[in-house]
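Below are structures written as structure tokens.
Heads up, the next two complexes both have subunit A, just with different partners, subunit B and then subunit C.
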Partner chain A sequence: MPIQQANWSPYDNNGGTCVAIAGADYCVIAADTRMSTGYNILTRDYSKIIQLADKSVMASSGFQADVRALQKVLEARHLVYQHQHNKQMSCPAMAQLLSNTLYYKRFFPYYSFNVLGGLDSEGKGCVFTYDAVGSYERVGYSSQGSGSTLIMPFLDNQLKSPSPLLLPAKDAVTPLSESEAVDLVKTCFASATERDIYTGDKLEILVLNAEGIRREYMELRKD
Partner chain B sequence: MSKAAIEVPPKGGFSFDLCRRNEMLVKKGLNAPSFLKTGTTIVGLVFQDGVILGADTRATEGPIVADKNCEKIHYIAPNIYCCGAGTAADTEAVTDMVSSQLTLHRHHTGRESRVVTALTLLKSHLFSYQGYVSAALVLGGVDFTGPHLHTIYPHGSTDTLPFATMGSGSLAAMAVFESKYREGLTRDEGVQLVAEAISSGIFNDLGSGSNVDICVLTKGHKEYLRNHLQPNPRTYISEKGYSFSKKTEVLLTKITPLRDSVHIIEGGDEMEE
Partner chain C sequence: MAFLWLLIWEVRSPSLHPCSYGSTLRYKGVERMKPVGKHSLIGASGELSDFQEILRYLDELMLYDNLWDNGNSLGPKEVHNYLTRVMYNRRNQFNPLWNSLVLGGVKNGQKYLGTVNMIGVHYEDNHVATGFGNHLARPILRDEWHENLSFEDGVKLLEKCMRVLLYRDRSAVNKLQATNITEEGVTISQPYALKTSWNLAAFKNPTVGAEGSW
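Entry: the complex of A and B
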């Protein structure tokens, strides 16, 4: 009998794109709300963003079943942290937790491409970007998902983050104002929607600043 | 450079000589070039006075939209048009080829072309290429014998139908047709139904999108409604706009002097034969 290849995959890609931009005293996290499989749309109204802590928001694209499982693990761990330390987790702490959680499943990964955004203990915006197995880096801005290849070069051009290898460490956050950053994010998604079939329907934008958290929605192309 | 070009088989058709080499290259990790597929919704229906064809306008290369407004309704003859789904190059080439053949045929016979002629030319070409010419077509037209609508599959089989859909969005469009089609539709009802079917494909199928193209064919008259519907405008245009600095960053300047120029001394000995 000839060697048979496995043709069942435990993974599926539900598409979608996420973006996060860090500012001097705010952080913008955005993701589209389309969930798809193959050439079909499963729903036009699925949120890929979750608030894990006071000052930490995570957006994830990829296989949404794995994303949901990951979110539940992080929420549970955060609850335990709150009981043990009597305070909320800071964003850099949550970043490390997410990295460890992802690497824990190194040999059967969460098919989840994450960006974590929030405010650090000084109140400055911070963005952490991840791969599927937990490699992470603090950056000034990032995008993940099916439209990331379209959005990232545009953000590089507009936000020109200095290299993290420079010494002394130059600030990675953008000098743009909050409204300018939101405008940039809307433009990114409107453009990515034109050329990526997996991005579209609606855009969900979360803005974290000293006053709290604000949510905004924008319509995208539905084709 | 003495090796000749790839040997073409004497009776025409594809040469499969390089297939083994290509397989070996892919195994070694080469990314094979992708094809521009139209990932499409195309439809046709027969109404009271003739035939209406419809198509979306998105051309995809995998998950990326290559063309947001391409034309999928191809001209075959003044009274015959053909919608094409599948590999864009194949649909374009095969419809152009049959269109030329029919023009010559019209000159030869002195008569208006018939839809069944186009059908036979297309199906025999596709069959002889055994499905490798990846073109799935909806052929429609009105000739002396009446209105005709056919579907043609990449392997060369055909169907004659009162209403038809092809492409990745064919199920979405067929759902609309099966619910709302009836015989003896008027022109406006037919255009409305075709637009609805294409829109269903545009919104529910990720391989189809952008605008609706329609072509109405009646006895002795054709109406090509390019971008009949444009239900997908860009949702956000930033008022302030974005600028892209033209200047390039200078990383390093290094000046290498040219070699000292050779001085020519006048009055030297001339060369003698």
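Entry: the complex of A and C
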């Protein structure tokens, strides 16, 4: 009898793309709102972004059930932190928590590709980028998800990030203004939508700055 | 098996009746939609025995909710969340409940429609479907659903979709139930059949354009 292969997978890829850009005093986090499976679109209006704390916003793409479970775990842990410390978690603290949470399931991972954005304790924009098992790095900008291969090289070209090997360390945050960064994000998604079938429908943009948080939407191609 | 749900000012849903057993159409009179509490309705595709177990879970959920006796009652949003957690938890144990569930309802004037499948993928929308419904019905619904759909038009739209499924899904039978959920409650219709037409010229003389075929 031939060897049987497992044909049930606990994973699925529900697609989508996330981007975040850090500025001198702001952070832009964006993701499309399309949820797909295989060649089908399940829904055109599903948010991949969640505000975990005052100054931390996470965008995640990948397997939606895992993404949602991860969001709930982080939300719950933040509540406990607030009870114990009587303050909000800082973005770098949330970054470490996310990494630890992901690695906790190193041998049955959350199939979730995350980008965490926010403001650090000095009010400067910060972006942290992750893989599915918690490996992370603070960067000036990042993208994850199905369209990341299309967007990342474009961002590299436009944002000219200094080498992390330079001494003294050069600031990774972009000198662009907030509105220029938002426009750049819109351009990224309009382009990715053209060539990535899993990206499209609508773009959700969150901007964090000293005033607070602002949400913006832009229509994308629905094909 | 296919399920279709439509969100209008109430919530409407039809489902086709059969239960297959491999390639045998084993049961043709199975009810795959059940009310849950006062405000919601659940419908399922997939493994019938797992659906029966889910109904037992929901019975227990509603029992404990009623035991509080505090005037509160679980609405469709809450029940959908509970089901999502149950499905995801079983998936984590590599022992899934092999179903695609649809949960709809109306509470305090707020209508709700959501779905969750065996690996825990879930979402809400104005119209949802399971199985073949995703391929055949949702495009029609995307084109013709709108915010101010009347109840009668909603019925017609759903029946249009179900007819397509009846023609094209080989595991479908012409026996369906439609449900209507409003603030007042849940009403499930008696099973009925759709009018179909097999009177196509191509079916009458199938070999007319193909010499030698049968």
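What we mean here is this: the second predicted complex is superposed on the first by the 223 of 223 C-alpha atoms of A that agree within 3 Å, B and C clash if a C-alpha of one lies under 4 Å from a C-alpha of the other, contacts with A are read in each partner's own complex, and residues count from 1 in each chain.
Everything that follows uses one rule, which is that a residue touches a chain if its C-beta (ideal position, glycine included) is under 8 Å from a C-beta of that chain, and two chains touch if they have at least 3 such contacts.
Being a predicted model, the structure only gives us computed values, none of them experimental.
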Simultaneous placement of subunit C and subunit B on subunit A, clash or fit: fit
Which superposed partner A:D12 touches (first subunit B, second subunit C, both, neither): second
Touched partner set for A:S121, first subunit B, second subunit C, both or neither: neither
Contacts of A:A69 with subunit B and subunit C, given as first, second, both or neither: second
First (subunit B), second (subunit C), both or neither touched by A:N100: neither
Per-residue contact with subunit A, leading partner among subunit C and subunit B: B
Touched partner set for A:R221, first subunit B, second subunit C, both or neither: first
Partner chain in contact with A:N40 - subunit B first, subunit C second, else both or neither: both
Subunit B versus subunit C as contact partner of A:S135, first or second or both or neither: neither
CA minimum distance (subunit B, subunit C), superposed complexes, angstrom: 5
On subunit A, positions contacted by subunit B and by subunit C: 40
For the subunit A and subunit B complex, residues of the former touching the latter: 36, 38-41, 146, 157-158, 180, 183-184, 186-187, 189-190, 193-198, 218-223
Residues of subunit A that touch subunit C when the two form their complex: 8-12, 14, 35, 37, 40, 42-43, 45-46, 63-65, 68-69, 108
Partner subunit A, residues of subunit B touching it in the complex: 39, 58, 60, 63-65, 68, 168, 202-210, 231-232, 234-238, 240, 242, 244
Touch list for subunit C against partner subunit A, complex: 84, 88, 91-92, 94, 96, 119-125, 134-135
